[in-house]
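Lettered A, B, C and D in written order, each chain numbered from 1.
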């Protein structure tokens, strides 16, 4: 078993075994015997051997973080992204305000207005990342898959205002082609189609 | 020249330290200055080329004062000043000062009159350690052994006093037993 | 009143009166019956059919079924559940899934009932029809969201009286007959109707109405929304602040709905106003004129100057756009520092009420708006009802529509809105200054002649004149005719014509002069003599009568005599009398303040002109909070002390701060004065925080408390007869506000902002040879005011100017009376 | 002669101070690296090549950090405590002969600051005083965790001083001198002459006691994070904390030198290796051993520590002394 399988396997009972615990010494004599036994049996030295061998093998697992980075799970909840429609490049956000409502740390605010076609559009969209706890409710609740969590997890900043405005989160128009359909947190499940009840069409 | 400077320096330091020890109301100050004073005393031994005694002074007294620290730690809050119920009387100061002065005079008089002679002068051939050893195990053998026996007795007594219920381990006791003890 | 009966709903015994709708009984008793289309106080439309219940084993609609004694109602049966679910499914057919952006989302009845009926699947379908969005001035109508419950149509007709909306054909596909077998009966019927219609304007593309916006309020879905509010926020983000409307004396209950202005600006802003439409309608000024706040900061220097001015001054002039508590502070200032208090409107009302009391025996007038709603006959004298107090007009209309009642409307200016209320409402367009005659007319026609003081009866009799008129009389005449008859000869069997003389009695109409007696009052009022005949049918059934009196009377040169007559009417006729206080809190000021007639030398104006001006409009020497930034109480037309709350924060100084600095007030907050309002005037010692502000389920108003009506000793002096007043000869203009305006405060609101003009009817324009947009000089004595002319199609004659624009100095044009004679000159 | 002696002494003092301060810093780097390697990590990598300048960065950090004295602390003693630790650690080095004698320009240098005939005793005594630092620090901080650290210091000091003394007594009896140079000279002439072969038990006991004296794992009860936050050092920051650190590492070196000198042939030439390098290798082995033990073993409980000291180590040490005495008497 490897990777995901290991975690999905719930049938682990066969791997259990009983650890033998020797009785705790009660009298001083028993304690002394145990000290002698443990000192003369090379327990302490085995400990030393293990660490020394590990050092000599030099099997290093460190990842030198700023230079090297671990791959991030697609379901990771990083800095938010506002997506555009892939074909037209229009903003996906319809300004429904569900994210604003559901946000448990109350850090999302949007301003909306009707545009010239009579559609509702968000004129401004902010997330106060100083308060955001990256719970992902906003991405979960978004009916348009417009707000999603990006992969970016380095969000230390010198100024609070950074990352907070719509322009910072919105996919730039020239990078529309790089925008991927979001598979991660909040996206519909693969079985979503099956769950929809069909409406009759009379025409 | 160095020796004179060192002597007066350490003498002054020692006196200051002990004055602090006596006058301070804070246990921590008192003990720290006591320990410092003891160590400064060892300097005199070094100045007199009695290295062994000097080191013994350091080891013995630092250990002894450490024990005092342990007691201080257990008995009082060493960061706070101790409130003394009996205010020192002037007569006590006066008398103890006079006695100290008297002692100094008594000890100084023979030196001033230049009539002191060492009964057992230092011999350069043998080392300091050996000299102490020889004196201890010849002339002062009986007092040394008596002192050793007394210390042994004190130690045994201390162990017996302290060892009541030493075989009982709180960590190994069953809850029920602890409750029983509590009920008693 | 109607007899009390008992009915059982779902096992609960409910007491009610006979003839009440089952739905209302259930609501009053806290039993839930779903209904979308029914509106309290309006006629049932039976559009939604959700309120289906089983009465004594028969399915009926609760909104339509009247309660009978011993009736047993079951609100839920298996069939009803099926029907309701099918109905909700039908409503969801082709309803756009744009809840995300819809303004109603979160308070949408379609959403609520879809969930309530557990609709999770759609069984029905039909081809959708293109339904374009319509922009009706303040109102945005998204037809595709409309479920044609007709609440807007109903409320416009039954409550407001504009009847500007109706259902129009949708142009959609016809429903396939096969659905009829497949679906429950009521759902099919409802769908059939729904698929055919949509809401539209009665005439043309634009609405012809007074822009009350009540249709926005009643719309259960997001089809009708305020254009200004459209897509600016979500309803659930808003804080609802219950308050009283500050624009007119109705002081209607409303909610200011606030939220932070924008992301950058955290200051709260009012996004819209909503009301409890089931219990109280709201006019357009209240609904759209909400942002009249005064955003001022603390200005210590101005405050110090104000204190100095107060020390110097001897007079305070103020208007009635203040709370009771502020009025009390002013009164305290007068008591302790000797200022003279000047408020013309309130003083006139006070004088009128005092004289009225002398003859009615009561300190306050007798009727309130609810009485108007319940009346079968309503008379209005001396008020331009539609703009002076829209809620009274709605009540008038409601009474006419729902109680099959009628009324009389005495006013010099023709009003098509009143005329359109119904045939049973007869307008009497008399000349100005003839209001006395109108009151005598009421006594003449409705007074109990046996109880009325003798001198009045005698005077009325003396007014009777004998007139002749041509009347068609039916006379029978004997006529001899020659008739040709065909007779069959018996013998020959031949036909034979025979001439015969026949005498007949034939009825014939003949014009003949007839003498009859009629009161001279008809002529004085230019009233049609058959007036009472038109109302005969209504009057025969009428049980409750209400007389509405307006500001024309208080400003009338003979106001005192008018007041006395009104007092008599209250006592000796079936009428209950209601006075319309001219401004929001005129009644409160009249009761609380001890007003003076003449001012002194140095005046402080509070929202009025003076040497030092305290202003809530933000144009004075010291800023004061506007009424949506204050908490306090108003004394409204219902003689009720209603609380209002702070919708927007105010950072500057308030009147109480001044009073504190002058050593008159020892209170920290203005509302601490609420319990100190004068009890001898009928106020009660109740803390502001203990005042309720809500409606109960059965529609009872539970806001604040009602003033106590005290007994007053009657006067024994005779009332004077009608005085001959000099008639107006030249051009007469009226002082009145256009619809949607009341004061400079409404004019401050961004949706209603407009410039003051001379509003003229079409006939007036023709007479004066003017056109819309022309500039005219209005001249009186040596005052000339230049303004633009605008056509107002909501009046049938005459012209008026408003006081809402302070740049037009109307005060100098009108010396008291609301009509004045001026010279008009085209510029 | 007199002047030359003074200059020489001052130079030696400066060299020892500078060198061991630097070495203490370097030892921290080595410790972090070795620990990291043993735990499959890389250790410091960012500052300088392979993180070599980390020491410098830490030094700068410590020097520039705010010197912080808590309100409830006893100020003068709180301030003096770290100085005691660092100072005694260096004073102890005064009596340690680091290297064989060597000649620079005809001037013979003896790499020992003060050659006293009770050198061993002096070193142990002064190192013992070094524990006053943590004790005073803990008691003066006005903090309960610090006080617990101080209490642990007291018991550890009182207990393991005995074991150190007794364990080293046997070699002293064999050599017959307390001078470390005498010890060194006694073991001249190859590995076979090392005292460790004659006194293996004393060697082990002394080493164990050395761990306790230097406050290293498995006897680092004084500042064990999991139990008493940082023990006596809880309230310390900046360079005052740094002084404790330097003291601890200087003590490690002292113990390293002592063990090498007493048991492992000191700075005598070893096969082809010159004496100076030989002793350095030995010292560095012990430094490594300290680190190694830290990486490998858990620390003991305070009661186990006392039990081990009084009921196991001390009796063994006494027995060792008695046996040594008997053997010396009869052979």
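We adopt the following convention: contacts are C-beta pairs under 8 Å (C-beta built on N, C-alpha and C of every residue); 3 or more make two chains touch, one makes a residue touch a chain.
Small disclaimer: the values here were computed from a predicted structure and weren't measured.
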For which chain is the distance between its Cα centroid and the global protein Cα centroid smallest? A
A-C or B-D, whichever has more C-beta pairs in contact: B-D
Using Cα averages as centroids, what's the distance between chain A and chain C in whole Å? 60
How many angstrom between the C-alpha centroids of chain B and chain A? 65
Euclidean distance of C-alpha centroids - chain C vs chain D, Å: 98
Using the average of all C-alpha atoms in each chain as its centre, how far is it in Å between chain B and chain D? 26
Flag every residue of chain C that touches chain A in the complex, lowest number first. 99-101, 105, 120-127, 133, 176, 230-234, 236-237, 260, 262-264
Flag every residue of chain A that touches chain C in the complex, lowest number first. 94-98, 100-101, 109-114, 118-120, 124, 126, 143-144, 197, 199-203
In the complex, chain A touches chain D at residues 28, 31-32, 35, 44, 47-48, 50-52, 54-55, 58-62, 64
Counting only contacts in the complex, chain D reaches chain B at residues 72-74, 76-77, 116-118, 121-122, 124-126, 128-129, 131-132, 135-136, 139-140, 142, 147, 150-151, 154-155, 157-158, 161, 165, 177-178
Quick one: which bits of chain D touch chain A in the complex? Just the residue numbers, please. 34, 36-42, 45, 292-293, 295-297, 307-308, 311-312
